[in-house]
Amino acid sequence: MALLNEPPVRADGLVRTFGGVPVLAGVDLTVEPGEVVALLGPNGAGKSTLLRILALLLRPTSGRLAMFGVDAATAAPELRRRIGYVGHESLCYADLTAAENLDFYAQLFGIEDASARVAELIAWAGLEHAARRPVRVFSRGMTQRLALARAMLHTPDLLLLDEPFSGLDPDAVAALEQRLLDLRLAGHSILLSTHDLDRVATIATRVAILHRGRVAWAQEGGAPAMVVAAAYQTVIGRRA
Amino acid sequence: MRRLLPASVFVTMMAALYVVFMVVPTEREMGIVQRIFYFHVASAWVAFLGFFLVAGASAVHLWNGSRPADRLAQASAEIGVLFCTLVLVTGPLWARPIWGVWWTWDPRLTMTVILWAIYASYLMLRAFGGEDDAIRRYAAVLGIVGVLDIPIIQVSVHLLRGIHPSVITRNEGGSGLVDPWMRIGLLISSVALIVLAGWLLALRMRTARLGEEVAALRRSALERKGEAA
Amino acid sequence: MRGALVILRKDLRIEWRTRESLASVFVLGVLLLVVFTVAHDPEPDAAPALAPAVLWATFVFTGLLGIQRGFLLERENDCLAGLLSSPVDPAAIYVGKVAANVALLAVTQAILVPLTGLFLHVDLWPVLPGLAIVLLLGNVGFAALSTLFAAIAVRTRAREVMLPLLLLPLLVPLLIGTVSATRGVLAGGLAAGGDAVTVLLAFDVVFAVAGWLLFAYVVRD
C-alpha cells in the first residue's frame, strides 16, 4: 500500500477499436486515492470496455494509461495485485463451491494463510450457509457477493466494478451498497459503472458520464442526485 | 513498379514456355508428358516459399502488430494454396499416363497434401473466425506453428510404408535431368513462377489495403449519417 | 510455476466433480472403436494389424472432445478473465492446462487401450512398457498442440468445427509417428519403433516450446 499519492488511474486519450469500430474514442479519466467514481452511461457507451482496459484484461488501441504511476503497457504482472475486478460475470467456476473458488484464487495470488482469508471473506460476503454449495445453484445476489469477495481476496487498492447492481433485488442492492461503503471507509479506491442514478447518490464521491466512447461530463466532488440526473438527460438527450 | 512486374511476368513466362516446350529435349522414358515436371516442381517450390513467407509475416505481425505484415501473411497464404493446388493437379496429370495411377502416397505428394490442408485451415480461420482483430493474431500463431511442423512432417512421411513404391521420387531429384537444358528449363520455369507469384502477391496486397480503406470510409460515412440524424 | 500447479489441481477437481469428460469419452470411445472395427470387418487373424490405426484414430477424436471442454469451462462465467487478472504468467496457465489435459488424456488411453486389445484380439501385456512410452509421447504432443489451438478455437465463430479443422492437418505427423511406433512396439518392443519414437519426441519438444511461447499471444487481447 505504498505511494499513496499516486493516482490509481490516470488515463489519457484511451482509444479502443473492435474490427475497426471505435468503442472508446479518446477517454481521459483520473481516479484519485480513496475516491469512489461512478461511471454513468447508456448501453454501448463503452463502460465495460473501459473497465476491462483498466483491469489490464484488454489493451487499448492507442492512448496512455498509468495505474499507480506505472505505465500499464509495460507493467509487470505484479501490478495486478493492486487491482480487483468484478465483471458482468462472476469469474467463478460453476461446478466448484464458493469456498473452493476463493481457495483457488487465493492460491493463484499466493496469499499467505489462505484458508483464514477465505473464511474471513466468506463471512464478509454473508455466504457461510452456502460456502460448500456449488456456485451453479447460487442466486444472482449471492453470485455478486461472491464475485466481490473474489476481487477482494488480495486486498487490492483499486476495485473496478462493472454494473454491480444489475439484476439485484432491493435487499441485495442494499447489502452490496453497504459493503461498498465499508470499503470506501477503509480507504479503497473504487470505480464502478452503472446506469442506475439512485445508486450514484448514495455511494459516489465523483461522477463521470461516458457517451459514445468519450467522457462527456464529469463532476468534481459529490453532486446532488438532481444535478447528475439533469446532466445525464442533457448529455444523452442532446444526441438522441 | 506497377508496370515492371507484369512485364517481367510476361517475359519470364514466355521464356519458360519456349525453353520447356521448344528447347529441352524430350525425356527418353516418359516422353512429352514429362514436360509437366518443370512446372510441377516449380509450383512446389513456390508453395514452399509461400509457407515461409506466411510464417515470417506472421511473426512480424505478432511482434509489433503490423497491419501490412498481416496483409502479407494473408496474401501469401492465398497464393501458396493456389500453387499447392497446382502441384496436386499437375502431379496426377503426370502420373496417370506414365505409371497408370492417378495418385500415390509418395512422401513428397503426401507432404504436399498436408501442406495444402494447413494452408486451407489457415484460410478457413481467417474467413470464418469472425471479424475481431484477434483473428489476425490467431492466424499468425497458426502460420508460425504450421511452418514449425514442416520439418517434422518431412521426416514422418518417410515412415509411411506407402501403398505404392516411390515411383515419382525415383525420377525427380536429379537422376532424370541428364541434359543441361533440362536443368536450365527447371530454373527458368521456377523463376517465371516466382515472378508470377510475386505479381499476384503485390496485387492481392493492394486489394486488401484498398478493401480496408473502403471499409473505413463506409464506417465513417455511416457514423456521420447517424450524427446528422 | 506454482500457478501452473494450482490450475492443474483446479481442472482435475472440476473434472472429478462432474465426470462429464470421462463419461463422454468412455461412451464415444467405445462407439468409435466399434465403428472403425465394423467398417473394416477384418478376419480374426488380420484384426491385430488394425489395432494401431483404430486406437489412434479413436484417441484423436475423443481427445478433441475432451480438450474442447477444457476451454469451454474457462469461457463459462468468463473465468479466463479471472486467470488473466491474476499475477500468473500466461505461460504458466498454458503449462497448467496442458498438464491437466495430459492427465485426462491418460485416463482416456487407459480406457481405450484395453478395449482395443479386447476388440481386435491383441495381446498387450508383453509389450506394455514400450506401449506406455509411445502412449505418453503421443499424449503429450497432442495435448501441447491442441491446448494452444483450443484456446484459439473457443473464441472463434464456428467453434465446434474450427478446432478439428485447425488441428488435424498439424497432427498428421503425430498420427503417423504414433501409429508407426505402436506397430513397431506390438511387433518387437520399443526398439522396433525407433525412428517413429524420435519423430514423436521431436514433435513433443517443438510444440511444447512453441505453445509455451505463443500462448500469451492468444489469450492477451
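The letters A, B and C name the chains in turn, as written, and every chain counts its residues from 1.
FYI, contacts are C-beta pairs under 8 Å (C-beta built on N, C-alpha and C of every residue); 3 or more make two chains touch, one makes a residue touch a chain.
Given the structure is predicted, the values throughout are model-derived calculations rather than measurements.
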{"item": "Chain occupying the most central position, where position means C-alpha average", "value": "C"}
{"item": "Distance-maximising chain from subunit C - centres being C-alpha averages", "value": "A"}
{"item": "Pair of chains joined by more contacts [C-beta pairs], B-C or A-B", "value": "B-C"}
{"item": "Separation of mean Cα positions, subunit C and subunit A [Å, integer]", "value": "39"}
{"item": "Centre-to-centre distance between subunit B and subunit A (centres being mean Cα positions), rounded to whole Å", "value": "50"}
{"item": "Cα-centroid distance, subunit B relative to subunit C, in whole angstrom", "value": "31"}
{"item": "Where subunit B touches two or more other chains at once, by residue number", "value": "132"}
{"item": "Multi-chain contact residues (two or more partners), subunit C", "value": "221"}
{"item": "Residues of subunit A that touch subunit B when the two form their complex", "value": "17-21, 239-240"}
{"item": "Contact footprint of subunit B on subunit C as seen in their complex", "value": "145, 148-149, 152, 155-158, 162, 165-166, 168-170, 172-173, 176-177, 180, 195-196, 199, 202-203, 206-207, 210, 214, 217-218, 221"}
{"item": "Residue numbers on subunit A that touch subunit C, as the complex places them", "value": "52, 55-59, 77-78, 80-81, 83, 85, 87-96, 100, 104-105, 107-110, 134-135, 150"}
{"item": "Touch list for subunit B against partner subunit A, complex", "value": "131-133, 212, 215-216, 219, 227, 229"}
{"item": "Subunit B - residues contacting subunit C, complex", "value": "62, 114, 117-118, 120-121, 124-125, 128-130, 132, 134-135, 137-138, 140-142, 144-146, 148-149, 152-153, 155-157, 159-160"}
